[in-house]
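The next part holds the structures, each set out as C-alpha cells.
Common to both upcoming complexes is chain A, partnered first by chain B, then by chain C.
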Partner chain A sequence: MNALLRFFRRLEGPQTLGRGPGFWIGFLVVLAGACAYPVFSDGYTVGNTVYFFTWIFMALGLSLIWGYGGALSFGQTAFFGIAGYSYGILTINFGAAYGFTLVAVVLAMAVAALFAVLLGYFLYFGRISGVFLGIVTLSVTLVLERFMAQTAGPEWKIGAARLNGFNGMSNMPPLTVPWPGGDIVLFPDVQLYYVVLGLLVVVYLGLRILVNSPFGNVLVAIRENPERAEMLGYDIRKYQLGAFVIGAALAGLSGVLYTSWGQYITPSSMGMTAAALPIVWVAVGGRSDLTTTLVGTVVVLSVFQALTIHGSQYALVVMGVLLVLTVLIAPNGLAFAAAGLIARLFRGRRAASPAGDA
Partner chain B sequence: MDVGTLAFSALYQFGDAFAFLVLSACGLAVIFGMMGVINLAHGEFIMCGAYVTVSATHAGLPLPLSIALGALVSGLVGVLVERVVIRHLYTRPLDTIVATWGLSLIATQGTLILLGSTLAGVGTPFGSFQVGGYSYSVYRLVLFGAAVAVLVGLYVLFNATRFGVMARATIQVPHMAAALGVDTRLVYSLTFALGAGLAGLAGGLYAPTMTLVPTMGTTFIMEAFVTVVVGGADVFLGTAPAAAVLAVVKATMTSLYGQLFGQIGLLLAVIIVIRVLPRGISGFLLRERA
Partner chain C sequence: MPILETRALNKRFGGLHVTNNVDLALEAGEVHCLIGPNGAGKSTLFRLILGEHAPSSGSILFAGEDITAFKPFQRIRRGMSVKFQVPGIFKALSVRQNLEIAMQHHYEPAGLAAEIGRLLDFLNLAPEAGRLAGNLSHGQKQWLEIGMAISLKPRLLLLDEPTAGMSPEETHATGEMVKRLNAEGMTVLAVEHDMAFVRQVAHKVTVLHLGQVFAQGSIDAIVADERVADIYLGKAPDHAKPEGAHA
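Now for the complex of A and B:
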C-alpha cells in the first residue's frame, strides 16, 4: 500500500511543472472537456481530432529523449515508420480476428523498440553525443525512407503484404477490439477517440511518474552535466539508451495509431519534412517539460492544420520560421519564455511598489 | 572484360564516389571543424548553388563562370545567415542544428513556392569516352579534378594565408586570438561563408548532372553527414581520408547491388566507425600523433 502511494506521489515532483490541487483540478477539467468533446461535435471532426492525438505520443517521446535526456534525435520518424509498417505487415498477414490487431500494436512497438536498442547501442555506447547524434539519427531516417521508397516491385513483399514503394501500404485492418456480441472496429470516429484519449492520459501520467522517479532524476542530471553524473557513479549510457528506447516505443505507438487511423502508411512519413515536424512541436512548446510539450504539440498542430487548409504551401515555411524564432528568442520554448516574462513583470511591480510608497 | 578495363572501371567508380563525397562534405566539414556548428541547411546551400548556376547558364553565361557565380551567391547567402541566425547561437551547438533545420524547411518550401517544382537543367558537357567497350563521362573526371583542387585549395588557404592563420588561431583559443587583435566574429563570419560557398560550388558542379528540384539538397546531405562524422573535426586529416575510405565502400556496394545499397553500406560503415573511433579518423590520427 505504502509503495503504491509512493509510486503515485511521483505524479508530481521536481521534473514536472504543475503540482497541488489547483493543477490537478485544471487537469480534470481539461480531461472532462476532452471527454465531453464528441458530444458537441460530429463523428467526422472527432475522427480528425484523433489524427492530432496520434502524433502526441511521438512528441512526448522526443521530450523524454531531447528535453529530459538532452540528446537531440531525428530518429523519431524512423521508429514511427518502422512500427507503422510492422503493424501493416502483421495485420495484413494475420487479419484482425481474435483481437490480433491489439497484439500487432504491441509487436510493432516492440519492433521499433528493438531497432532503437540496436541503433542506440552503437550511438550511446560509442559515446556519440551532441550534434553527431542528431546527424547520425537523421541519416538513418533518410536511408530508411529511401529504402522503403524503392520497394515498389512485386519482389518486395512479406507474406501477403506488398510494401509498394512510394505509393505506400494500405488496406490494413483498423484496430479491432474483440467484444462479446461482435468485434468493435475502431474507425476514425468517437470510439477510437476515447481509446486514444485513454492511451494519452495513461502515457502522460506514466511519463510523469517516470521522470520524477530516480531514473528521471538521473536523466536530467545527465542533461545538465554528463561528466558530473558519471563521476557520481551512474552509467550514463544505460540511462540515455533507456530514454531513447522508451521514446522510440512511443514514436512506434504514434506510427501504429497513424497507420490504423488512415489504414495507410507511406515512406514520406519518414522523410526530411516528416522528421522536422516533431522537432518543431516539441521545441516551440517547451521541450523540457511533458505538459508544455503536450500543449505545444496540440497548439502547433492546430495552427499547422489551419494553415494547410487556407494556404497549404506556406504552412511549412511558417513552421520553419516558427522554429528559427523559437530557437533565437525563446530557446526553452514559448511556455517557459511566457512564464519568465510574467514572473519578471510581477517582480518588477513588487519591487516598484515599496519605492512608490516611500 | 580484361583486367585492365576492369581496373579502370573500378578506379573510375572510386573516383566518382570520392569526388561526390569530398565535394558534398567539404563545406559542412569546414563549418563544423572550424566552428563546431553542424549546418543542417547545407543541402539547401547546395541547392542554391545549383539553381544559380543553371539560371546563369540559361542566361547565356559559360558554365565555369556560372558555377563560380553559384558558389559566390551561396557564400553571400551564408554571410547573411551567419549574421542573422548563427551568430547568436555559438554557445549552443545543439540549437544551431535546430535553427538551421528550420532554415532548411524555409528554403526548400520557399523555393518550391517561388520557382515551382522543377527547373529545366543544362546538359552534361564534354560527352564521353570509351575504354574497353564501355563509355565513361568525361565530366566525371572533371568533377574528380575539382574535388582534388578543392582539397589542395583549402590546404593552401588554411596553411599559407593570413586568413588561414587567423582562422586556426580562432579555433584553437578564441579568447587568445581575440586578445591578439584577431576579429574573431569576422573570422567566424568568413568561415561560414566559405563553407556555404563550397556547398554552392558542389551544387554548381553537380547541377549539369542532376534534375533540379527544391529537395535536391537531400541527395547530398546523407553523404556529407556520413563523411563528416567518419572524418571528425579536421578537414585534411579527417574529411579527405574518410572520403577515400567511404568511396571504396560506396563504389563497391553501388556496383554490386545498386545505388541504394551504396548508401546503406555508407550508413553501416559510419555506425561501425563511430563505435570504434568515436572522434572520427582525425581524432584517431591526432591522438596517435600527440
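Now for the complex of A and C:
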C-alpha cells in the first residue's frame, strides 16, 4: 500500500515542472477540453488532429533520451520507420481479424525496441557519446532510408507485403478493435482520437513517474556528471541504454500510429528532414521537461502545419531558423527562458523597490 | 590481510613510465596519505586504483580479491568510494537531490529522507538543502561531495586533495571529520599537499617520486628524511627531475 502510494507520489518530483493542486487542476481542465473538442468539431478535422498527436510520443521519447539523459540522438525516426514498416508487414500478412492489429502494435514496438537494444549496446557499451552519438544515430537513420528507398523491385517482399521502394508501403489495415457485434475500425475520426488521447495521457503520466523514480534520478545524474554517477556505483551504460530503448519504443508507437492513421509509410519518414524535425520540436519548448516538450511539440507542429497549409514554401526554413534562434537565445528552450525572464523581472523589481523608496 | 594492495603496478603512456612497479599495502583501519612533488604519479595511481585507467602490468587487490579487471562502478560496489579533486557534483540539481542520488540504493525508501536529513546536518548543509549544488561556495561543494562519498558507507575512502581551495579552518574541520570517520572503521587513502592536514590525520605516509615509492613511514619519519626534503626542493639524486617539481 505504501509502495503504491510512493509510486503515485512520483507523478510530482524534482524532475518535472508542475506540482500541487494548481497544476493538476490545470491538467484536468486541458484534458477535459481535449475530451470535449470533438463535440465542437467535425470528424475530418478531428482526424487531422490525431495526426499531430501521433508525433508527440516520439518527442517525449527524445525528451527522455536527450533532455533527461543528455544524449542527442537523431535515431528516433529510424525507430519510427522500423515500427511503421513492421506494422505494415505484419498486418498485410496476417490481416486485422481477431484484434491482430493491436498485437501488431505491440510487436512493431518490440521490433523497434530490439533494434534500439542492438544499436544502443554498441553506442553506450562502446562509450560513444556527445556529438559522435548524434553522428552515428543520424548515419544509421539515413542508411535505413536509403535501404528502404531501393526496395522497389518485386524481389523485395516479406510474405504478401511489398516494400515498394521510394513509394512506400500502403493499404495496411487501420487499428481494429474486436467488439461483440462487429469490429470497431479506427479510421482517422473521433474514435481514433480518443484512443490516441488516452494513450497520450497514460504515456505522459507514466513518464512523469519514471523520471521522478530512482531511475530518473540516475539518468539526470549521468547528464550532469557521468564520471561522478559511475563513481557512486552506477553502471551508467545500462541506464543510458534503458532510456534509449524506452525512447525508441515510444518513437515506434508514433510510427505505428502514423502508419495505421494514413495507411502508408514511406522511406522519407526516415530521411534527413524527418530526422531533424523532432530535434526542433523538443528543443524549442524545453527538452529537459516532459510538459514543456509536450506543449512545445504541439505548438511547433501547429505552426508548421499552418505555414504549410497557407501556401508558404518556407515552412521548413522557418523550422530551421526557429532551431537556430532557440539554440542561440534560449538553449534550454523557450519555456525555461521565459520562466527565467519572469523570475529576473520580479527579482529586479524587488531589488529596485527599496532603492526607489530611499 | 591488507584492504588494498597493489602489486608491481605499472602504467606507461607511450614512452612515459608514470607508475613504476608500485607496491602499496593499506591495512584496514588506517589513514594513509600519498604525497610527492607534482608529476610524481599520485593522480595516475589514484586512477589505477579506481579503474579509470587500466594498468600496463601488475595487479590490484581489494580485500584479497583481484579487482584489476573490474570497471569503476564494480569497485565502488565492492566498498570503495571517492572524492575527486575538482568537486564532482551534480551542479544543476539541488543539494538534497545530490545526496538522494548517492544514497537511494543504500537505504530503504521509507527511511531515505531521514537519512538524508541526518547527513545534511552532519555536513552543515541543512540550510542549503534546496539550493542548486552549483550555487554553493567552493568549500560547501567539497563538503557535499565528501558527503556523497561517505554516504555509500565505504570500507575504503579515497580522497584526492580533499582540502584543495579550503581555508585553514575548513581544512582543519575536514581533518577532524576524516578522523571521526576513521574512528568508525573507515580506511582512508588521501592524496594531499597540505602537510598540516597530513600531520593531523595520517597514520602512515607514502612518498611517490617519478612514479616509484620513494619512502614510506610515519609522518615524523618522513619529515625527518633528508632525501624526501631533497626531492621536494628538486635536489633528488635522480638525474631525470620530474617536470614542475617544486616545494
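FYI, the second predicted complex is superposed on the first by the 357 of 358 C-alpha atoms of A that agree within 3 Å, B and C clash if a C-alpha of one lies under 4 Å from a C-alpha of the other, contacts with A are read in each partner's own complex, and residues count from 1 in each chain.
The criterion applied here is as follows: a residue touches a chain if its C-beta (ideal position, glycine included) is under 8 Å from a C-beta of that chain, and two chains touch if they have at least 3 such contacts.
It should be emphasised that the depicted structure is a prediction, and the values quoted were computed from it without experimental measurement.
Engineer: Classify the contacts of A:L323 with the two partner chains as first (chain B alone), second (chain C alone), both, or neither.
Structural biologist: first
Engineer: Regarding the shared-chain residue A:D235, is it in contact with chain B (first), chain C (second), both, or neither?
Structural biologist: Second partner only.
Engineer: Return first, second, both or neither, reflecting whether A:I89 touches chain B, chain C, both chains, or no partner chain.
Structural biologist: The answer is neither, since A:I89 touches no partner chain.
Engineer: Have a look at where A:L294 lands relative to chain B and chain C in the superposition and call it first, second, both or neither.
Structural biologist: neither
Engineer: For A:L186, select first, second, both or neither according to whether it touches chain B, chain C, the two together, or no partner.
Structural biologist: neither
Engineer: Contacts for A:L163 in the overlay, against chain B (first) and chain C (second): which applies, first, second, both or neither?
Structural biologist: A:L163: touches no partner chain.
Engineer: Answer with first, second, both or neither: which of chain B and chain C does A:L197 touch in the superposed model?
Structural biologist: Neither: A:L197 stays clear of chain B and chain C.
Engineer: In the three-chain superposition, say which chain, chain B or chain C, touches more residues of chain A.
Structural biologist: More residues of chain A are touched by B.
Engineer: Can A:I128 be said to touch chain B (first), chain C (second), both, or neither?
Structural biologist: Only chain B is touched by A:I128; chain C is not.
Engineer: Using the touch rule from the top, collect the residues of chain A that touch chain B in their complex.
Structural biologist: Going through chain A, the ones touching chain B are 70, 72, 119, 122-123, 125-128, 130-132, 134-136, 138-140, 142-143, 146-147, 150, 271-273, 276, 279-280, 283, 313-314, 316-317, 319-324, 327-328, 331.
Engineer: Residues of chain B touching chain A in their complex?
Structural biologist: 32, 36-38, 40, 85, 88-89, 92-99, 101-106, 108-110, 112-113, 215, 218, 221-222, 225-226, 228-229, 260, 263-264, 267, 270-272, 274-276, 278
Engineer: Can you list the residues on chain A that touch chain C in the complex?
Structural biologist: Going by the criterion above, the answer is residues 2-3, 6, 14, 214, 217-218, 220-221, 224-225, 227-236.
Engineer: Give the list of chain C residues in touch with chain A in this complex.
Structural biologist: The contact residues of chain C facing chain A are 50, 52, 71-73, 76-77, 81-82, 84, 88-94, 97, 100-102, 104-105, 109-110, 145, 148, 152.
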